[in-house]
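Two complexes are shown next, each including chain A; its partner changes from chain B in the first to chain C in the second.
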Partner chain A sequence: MRIESVWIGRGGQGIVTAVYIVAHASIADGFYAIANPEFGAERRGAPVKAFLTITDYFEDSPEPIKNPDVAVFLDDKLIDTMRVVVEAVKPGGYVIVSSGKGPEEVAGIIGRKDVNIAVVDGIGLALKHVGLAVPNGPMVGVFAKVMGLPRLESIKEAIASQLGKAVEQNFAAAVEAYKTAVVIPAAEAGSAKISVEIPTTSAFLTGDYELVGWDQIPEGGLVYPGSSLRYKTGSWRVEKPIIDHSKCIMCRRCWLFCPDDAVLEVWREAKGPGGRVVRVKAIDFSYDYCKGCGICAQVCPTGAIQMVREL
Partner chain B sequence: MKVKVEVRGLQLPGARPGAAVEAAYEYADFDLPEQELFLPGHGLCASCTIGVIARHMLKVLGPDTIVVNPTGCAEVSTVTYPRTNWAVPWIHVAFGNGGSVASGIEAAIKVLKRRGVIDPNRKINVVVFAGDGGTADIGFQALSGMLERRHRVIYVMYDNEGYMNTGIQRSGTTPLFASATTSPAGKKIPGNLTHKKPMALIAAAHGIPYSATANPAYLPDMLEKFRKAAEIDGPSFIHVLQSCQPGWRFEPKYAIKVLELATETGYWVNYEIEDGKFRITVTVPRRKPVECFLKLQGRFKHLGKEEIAFLQKVIDEDVKRLNEMAGGEFIGPLDPEAKC
Partner chain C sequence: MTLQLELGKVRQKRIALTGNHAVALAAKMARVEVIAAYPITPQTPAVERLAEFVNNGELDAEYIPVEGEHSALSAVVGASAMGARVFTATSSQGLGFMYEILPIAVGLRLPVVMGIATRAYSAPINVWGDYSDVMSMRELGWIIYMVSNVQEAFDTTIQAFRVGEDPSVHLPVAVAYDGFWISHVLQPLEVPEDEEDVMRYAPITRSWRKLDVDNPASLGAVGTPEWYFEIRYAAYKALEDSIKVVLEADALYGKMFGRSYGLGSGYKLEDADVAIVTYGSIYGLARKAVDALRAEGIRAGALKIRLLRPWPADFLRRRLDGVDKVVVVDRAFNHGGLVGPVATELAATLARPIYSAYATIGMRATDSAALKKAAERVAKGEVEPMRPFNIGLRGP
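And now, the complex of A and B:
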């Protein structure tokens, strides 16, 4: 037996702990497991992936997984940016997703009929049991349900050894996910061969970039100004800023203190006296890049900016 | 204004190298240059004030600036192949040799000007943008040599008070009692046991023309210091405090608030030493208790009354010494009743 899985989440969602929990629980059940998280240089909120291989024979090959049996997504907003991972899952394999959306809708986003799909509201369950928006416990539960291993008792032990705190709460979240996850079986067999592989680059490319061979890289590894604009860090966001123009006094404190150059001063049409339409300066946001840190709302002296939940 | 950004050398789907890509947003116009030279699309944490410092640093220094960036958060998060968000010439250097590489660049520019390859009247800024670890610890001798040789380089040390890139280890500028992964708070030892190195004073002791401390929450003061540093014909050093969400453990939205409190409590005093003359540039009429600064941050969560009182005493003494150096009470007395 050999199960290869790839876990996709964001820095701060506990993905590393998740694969360690499943690995330790599998070992307690008598299997062998290799868990290797892999993150690039990016920070909290940026996409992170982890590999987890479970076997019933000893093997020492911590190779990156190119075509997994299982892909686990801790955040449904990552399906689109990480589509290559969905495409690389073996036909008949599993795609497990944490999402507040309905299972059918998630299946639509995944868009493959030759894989089994499991959906659970991981964030909702984590908030309910643990009080934190960290969906790793529930995803461990769903993994155990669809793969038939590791056993729930072993998962509990692994939560205790890997987390060491809030064990009952995290276990309760895992168990409820185990029980309530909706599984949509594959409708088609699919072709035996798949052409897509997860790239082995350690940089986790999230923009519209295409990797070129080493012999095509400009001398000295030069990169050019503006190349970051294709990296849309807006996908990191959990909350987004919105503005009430009637409260804004155009002091520009928000613009001054945004670390991501995501506060913009733009022209806006407004009704002037006598119904005349006038063009006025106004604050707006560049949602392509805004990471939702909330600094702009905090520094605004008039409370014109509010942060609203987006996920 | 729409910005046109040329993307050369990159293999972009649907666009040949050399094709211009239009950024889908407009820039504002301001008294400060509208041009952003520290573009979005970087990988710094949400709320990381490295972004605030670098944006404004380049607004002041302008496009004719060469950035020398030793490894650390700023370097690793902004330049991940195949992208960069620096719209000025930028060079990656090792953890400890920012000062040396900048010295070489400055010397080379001098020679090229002498030989007429570069217009001798063209003003080119060479700036080192380095972390506290890369400056106060491993980069110290390279910095000292650069100051000693009097290269015309602006050395900006962004100080997040730890080795953040590698997982929050303590550095020579980690404050007393802060918990870091190599100085964890335990039952016996309340976190880091050393005091913060006063890097601006140490740099000034080399007899350089300009050395200063700055805080991005006090933007006009920080901008003025960058401007002065750029005008000086010789080495300059600016020690900038920078808040770090994972390292200091505050809510992301408080990234600027926590910096304001650093100055309002007297924990961080903004001063400059210009041609040997010491001046406090941001005055604080009455100081808030240090607890206001501490209680926003998880790295000080373990502190009890006794340690907080000790920290308050350390700050009182620091403030007294700095006031004496400045020759007046520029940082006022502690107001124990003050609201945070």
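And now, the complex of A and C:
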């Protein structure tokens, strides 16, 4: 037996812990496993990937997985940016997605009829049981459901060992995901051979630059100024801020505290006295860059800003 | 009284200096702009002399008296990144304390020049000269010279600026000279009368990538797995290719100042059956040993390696391929290795077994008679190849 899986998520979603938990539980079940997460992004929200191979024979090669049996997405907004991973899944394999969207809609985004698709609202379950938007526990549960391993008891042992805290809550999230995930079986067999492979390039290195040869790189690794404008960090968001302008007193605390300069002061048309349309200053958000940290809502003195679930 | 000499095109004078003071004078004549150093025996007189030059106005440089060698090299790396010609010097544990910054100067491609008055590593504390410090920095990417006398220490320090700052090189350069046996030995040397001649030979190129407020950039950013290999390979390749620049700079120096050294030198190797290979000050002893051996009918020769990095493989093959038995007198242990550090590389270069001896460890005194004896044992088949033996060690 050999199950190769690739896990795609973002820094902070617990992807490293997720593969450690599945590997740990598989080992407890008597299998061999290699959980090989990618490190280096060190940035909450940045795309990361992890490899997990489960075998029933000794295996110690941390080779990158090119064509997985299973692809697990902890964030449906990464499907488009990491589409190569979806395309590289072996026909008849599995794509497991955490999404607040309906299963059919997710299947449409995946766009492959020759793979099995499993969908669960991982973030919703994590928020419900753990109180954090960290969907790793639920995704472990869905993995166990569709692959038939590891056993739930082993997953609980692994959560206790790998997390050491909130064990019951995380396990409850995993179990509910195990029970409620919707599985859409593959409709077609697909071609036996697939031409796409996951490149060995790190997931988080997906900037708009070309990987040039050693003779083309500025000496000493000198880096000329780039621009953070190029990196639309808005996709990292789980929740987004919305504002009720009738409650806003334009104190600009949100503008002051936003760590990403994503709170904007804009002109807005409003109805003035006597029905006259006047232009007034108002607070708005730059959703291309807002990471959804919620600080604006936290510091708002009138409750004008609310965070709403987006993912 | 100084004797006026007309050598090449440059007027020179004959003076007497210790190795430390000669290296300091060379840095001064190359008009270094920033010096940061921490005193350590046996390097101390070199940096003290530079401090005097700055203090008395003879040298217009920033002298940064740092609190340790880690800061010394960090400070000159920073100054070099701003485009300054920089110099530092150290020994032994001081080099060890700099270790973290040594590969950084390479990766950032900064032409730092450093004098190393070689000294044994502790423990036990030993302030005396062997080459354990220099041998510990071989794989980091520096150009490393090992010189044999005061004159060569002076000349090589000046050459180091020209080589390191060459647009095709941009690498840090270390000039290693024996602690005490060169650093504190007073010898005659010829030096240019006019600093301008030194600056004509080694003008500050400022061609390396440097920080500039009008053209901002980051130096020392993270090199992720997708970039590090390429950036580091460029430094690796630059070091390999720098051997050409080392030779050109040495040849030009010869034309201007009348002295050149090549990648090393050979002595009576042409018909030699046994060759003593070594480095640093004891090359003079090796030559005397060769003469004594030849007087007894043993056809001996000697070779000194001047350039440790980049490794002068072709030069060594040309000089030693025809010699039957080669013995390397290494001056630092290669702990846990097969043979001495330089012996290991030379055996690989010649692709055949050679002989390996350890001498001058912790500056254990040696003499030409001891080297002669060692070469005799090799010539007579009394020692095995690729099995190190010791010159001057007590015990079995």
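Here is the rule we use: the second predicted complex is superposed on the first by the 204 of 311 C-alpha atoms of A that agree within 3 Å, B and C clash if a C-alpha of one lies under 4 Å from a C-alpha of the other, contacts with A are read in each partner's own complex, and residues count from 1 in each chain.
As a convention for this text, contacts are C-beta pairs under 8 Å (C-beta built on N, C-alpha and C of every residue); 3 or more make two chains touch, one makes a residue touch a chain.
On a predicted model such as this, the values are computed, not experimentally measured, just so you know.
With the two complexes superposed on chain A, say which partner A:28 touches: chain B (first), chain C (second), both, or neither.
Neither partner.
Tell me which of chain B and chain C touches more residues of chain A.
B
Examine A:133 and indicate which partner it touches, taking first as chain B and second as chain C; both and neither are also allowed.
Neither: A:133 stays clear of chain B and chain C.
Of the partners chain B and chain C, which touch A:218 in the superposed model: first, second, both, neither?
So A:218 meets both chain B and chain C here.
Touch check for A:282: first (chain B), second (chain C), both, or neither?
neither
Which positions of chain A sit in both the chain B and the chain C interface?
Shared contact residues on chain A (touching chain B in one complex, chain C in the other): 40, 211-212, 218, 221-225.
For chain B, which residues count as touching chain A in their complex?
5-13, 21, 23-30, 36, 38-52, 55-56, 73, 76-88, 216, 219, 245-246, 251-257
Could you pull out which chain A residues touch chain C in their complex?
40, 201-202, 205, 211-215, 217-225
For chain C, which residues count as touching chain A in their complex?
107-110, 170, 208-209, 216-221, 223-227, 229-231, 233-234, 237
In the complex of these two chains, what residues of chain A are touching chain B?
Residues 40-46, 203, 207-212, 216, 218, 221-233, 236-237, 252, 255-262, 264-266, 286, 288-289, 291-295, 297-299, 307 of chain A touch chain B in their complex.
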